[in-house]
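Below is one structure, written out as structure tokens; the observations come after it.
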Amino acid sequence: MQEILQYLFSGITNGAIYAVIAIGFSMLYNSTELINFAHGEFVMLGALCMVTFFGALHLPLVVALVASIVCIAATGLVFERLAIRPVRHPEPIVLIIITVGASIFLRGIGMIIWGKDAHTIPSFSAHPPLDIAGAKLLSQSIWIIIILLATIIGLQLFYKKTLTGKAMEANAISKRAAWIVGIPSKMMIMLAFGLSTAIGGLAGVIIAPVTMSSYDMGTMLGLKGFCAAMLGGLGSLWGALLGGFLLGILEALGVGFVSSGLKDATAFLLLLFILYVKPGGIISAASAKRF
Amino acid sequence: MNAPLKKIPTDTPLLEIDSVSKAFGGVQALSDISFSLMPKTITGLIGPNGAGKTTLFNLISGIFAPDSGDIRYNSRSTRKIKSFQLVKQGIARTFQNVELFETMTVLENILVGHHAQTRSGMWGSMIRFPWVLAEEQRAREIAMTLLDFVGLSDHAHAISGDLPFGWQRLVEIARALASRPRLLLLDEPAAGLNIVETLQLGDLIRKIRDQGITVLLVEHDMSLTMEISDWIVVLDQGKKISQGTPRAVQADEAVIAAYLGTGKKDES
Amino acid sequence: MIINSQNTRNRIAYAVFLLVIVVSGYFLENLYYLQLLTFIGINTLLALALNMLMGYAGQISLGHAAFYGIGAYGTAILTVHCHFSPWLALPAAIAVAMAVAYIVGIPTLKLSGYYLGMGTLGFGMIIHILFREWSSITGGASGFIGIPPLELGPVSFASGRNYFFLVWGCVLISFIACQRIIDSRIGRALRAIHDGENAAAAVGVNTRALKLQVFVLSAAISALAGFLYAHLVFFISPGTFSFIASIRMVTMVVIGGMASVWGALLGASLLTLLPEWLHAFSEFEMVVYGLILMLVMIFLPRGLFRGLLDIYERTLKKNTH
């Protein structure tokens, strides 16, 4: 029982991280119908920025967090402007290769700046782990879940309450119609990129204390976040959330009760399963509410 | 083209539409439609926009299955047959918006149309058995004959996407004929054509019928349809409201009310 | 007739190709270059395999390294653990790859666009994880050592020169076989699927069966490349068959140029040589590699082969005006 609870805790923590990454994927796909294969690299950059700002420079938590996210969002905007916007025929295959090229590029940048070593930073707060029925819940796990919830509430408010958010949603539903009523589509795409990469960076920021951060951590995280997004339903916020937790928990249980070698395979087995059974995901975006 | 068609008695219908209904979501696209196509005739299917003509076409060519009712081709239900298999059995079609394989040449398009009539596979092509080469040679001859038939043999090696629209239509018809159909479904073949091209098209469709091919024609161009069809079926809002010879249909009150009476301005 | 002139041009191209292989095989003294060319040959096979699927049939695969790996691990396991002759292991490994492609292809090829990309990606990752984790059979993350060299009677392929001829012989045969398929009714139907899958089905092409066939063919050629790789380097590890390797294959196809066997050759050559040239950049290697990928795709999305041809034609037009 205690064991199951422990696995569950670690599953929920990982699940929350996958959910944050999946939200980034999903919201970009929703706005631009593009899958950013470099998304995982933005997560990596977020974690490594945090290593510098929080770990090395000892900036206050909030300052370090904001500074990291701003850096990542800026990188995302530059990426959109220089590598995505100039593409004249945005076919999936071309965009896949460009974003893969970007992921290699960013990994290279990460290696040059932070070297090949893995880095760790302390938890956001020095609280001892909570003891629940004999299982330990790290304080960072609570931070992660709180930040996930804050992200979701923030996004909901942004989409429902602000004019920009509504314009973005309109643009996602129909570019043409949005254009007719005067919504600048290019601007919206750029904003979507900025937001999506910022959320990716945020995912990196919150996992930096619970993992070894290094330049090559992004690929696997990105792919798993992607699996989570597909599992829940690409393009749906609640789908990303559901997919993230489902993946995190099943992965943790798989590691606990079957084999640790299975850890990485879980995500992809689930991905294939959902693609074969219900390609739209558990909450398929067509029927579910979008963001 | 000149292959011996199997003898079918001319007094039994080639295709029977038997009380077919089809709904999409809440919209009843077709309700309880019945009519049949006699061999070696041209049947015109007309009706205002949204009458369900294209839906009916897609049912006949096996893209959807009817919700209820049955479609029998050569007295056999087509319900379980996939669209590519129907082609092999002799039902060919063209599309309203011309769907050629745009990066391929005209000749190659026709050859793909002949695909169902040939059988050499991957191994055969790799090793190039003599019979594979012979089959390819025959296919090319047939394709060239068809291009001659529609008057485009000079453009066999042009990229089909580069041709003017009217010619693309002809390529599409030739491509459909390349499967050696017994039943040819033409979905608005005159759309986008000028008057001269439309007249030529009418002649071409007649020539196709004279070769023993049954034609079902969906068309907005009234004069063309009335002129070349042997039989007319009129749909309105998913229901059959009339059928008969062109002359009889033109005199039918229901048709005039539903269609001709509303000003005939329905061309889009 | 255009067809005949095209045939003649093809014949000439293949004759020149053969000549280049023979001449470079006999006269190249530097063993390093010989080995580099051998690697190019193996990568050309991979690019060709994926080009049949992507360039002609228009079906993307982001997990093709799996079939490459099945070929390599297949022969490694059969020759070392089961003491098979490599020449028996070759058809066995290819058969396994084809069978896997068939089984995986049935559900996967129903998908399209990004979803197909993801399905193949997931499959590739699972196979990669299998290589890494099933250590009792595959040697796990540290790799598989002791794969025997190839011999055929008195001829040993341990020497760089013989292996070079073996690999390029395979490339030549595969090129001709694929070219013949492309020129046949099957190839036409594949390109028809690429241009419009629904229209292809409507004119009588069994699209599902054909996509599956070309997927299986592509897996077979990839497995052949895996076999050649394993017996060239005698040591394989899971990293060679990772997601990155799959992406590299896609890149070779796209950079070289889709729907062209010569594009496969060009793409494979460039992507094999590029890391060699980039060694000079040492730690900037990845950055430059990523940058090149992005730049080519942004400015020459139809690949270098077509792209440079387009630029050439455009300047020609400008000058005549």
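Chains here go by letter, A, B and C, matching the order in which they are written, and residues are numbered from 1 within each.
Methods note: a residue touches a chain if its C-beta (ideal position, glycine included) is under 8 Å from a C-beta of that chain, and two chains touch if they have at least 3 such contacts.
Only a predicted model underlies this, so the values are computations on that prediction, with no experimental measurement involved.
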Practice task
Work through the pairs of chains, note which ones touch, and then classify the graph as line, ring, star, complete or other.
Solution key: line
Fill in the blank from the handout: By Cα centroid distance, the chain farthest from subunit B is A
Handout entry: Innermost chain by mean C-alpha position
Key = C
Handout entry: Gap in Å, rounded to a whole number, between the CA centres of subunit C and subunit A
Key = 33
Exercise for the section: Let me have the rounded angstrom distance from the C-alpha centre of subunit B over to the C-alpha centre of subunit C, please. Expected result: 41
Practice task
Let me have the rounded angstrom distance from the C-alpha centre of subunit A over to the C-alpha centre of subunit B, please.
Solution key: 51
Completion exercise
Where subunit A touches two or more other chains simultaneously, the residues are none
Handout entry: Residues of subunit C touching subunit B in the complex
Key = 2, 177, 180-181, 183-189, 191-192, 194-196, 198-207, 213, 217
Practice task
Would you mind writing out the residues of subunit A in touch with subunit C in their complex?
Solution key: 35, 83, 86-89, 91-94, 96-98, 100-109, 111-112, 219, 223, 226-227, 230, 259, 261-262, 264-265, 267-269, 271-272, 275-276, 279
Practice task
Please give the residue numbers of subunit B that touch subunit C in the complex, ascending.
Solution key: 61, 63, 82-85, 87-88, 92-93, 95, 99-104, 108, 111-118, 120-122, 124-126, 128, 132, 136, 139, 157, 175-176, 179
Exercise for the section: Can you check the complex and tell me which residues of subunit C touch subunit A? Expected result: 54, 60, 62, 107-108, 111, 113-115, 117-119, 121-123, 125-126, 129-130, 132-134, 243-244, 247, 250-251, 254, 283-294, 297-298, 301
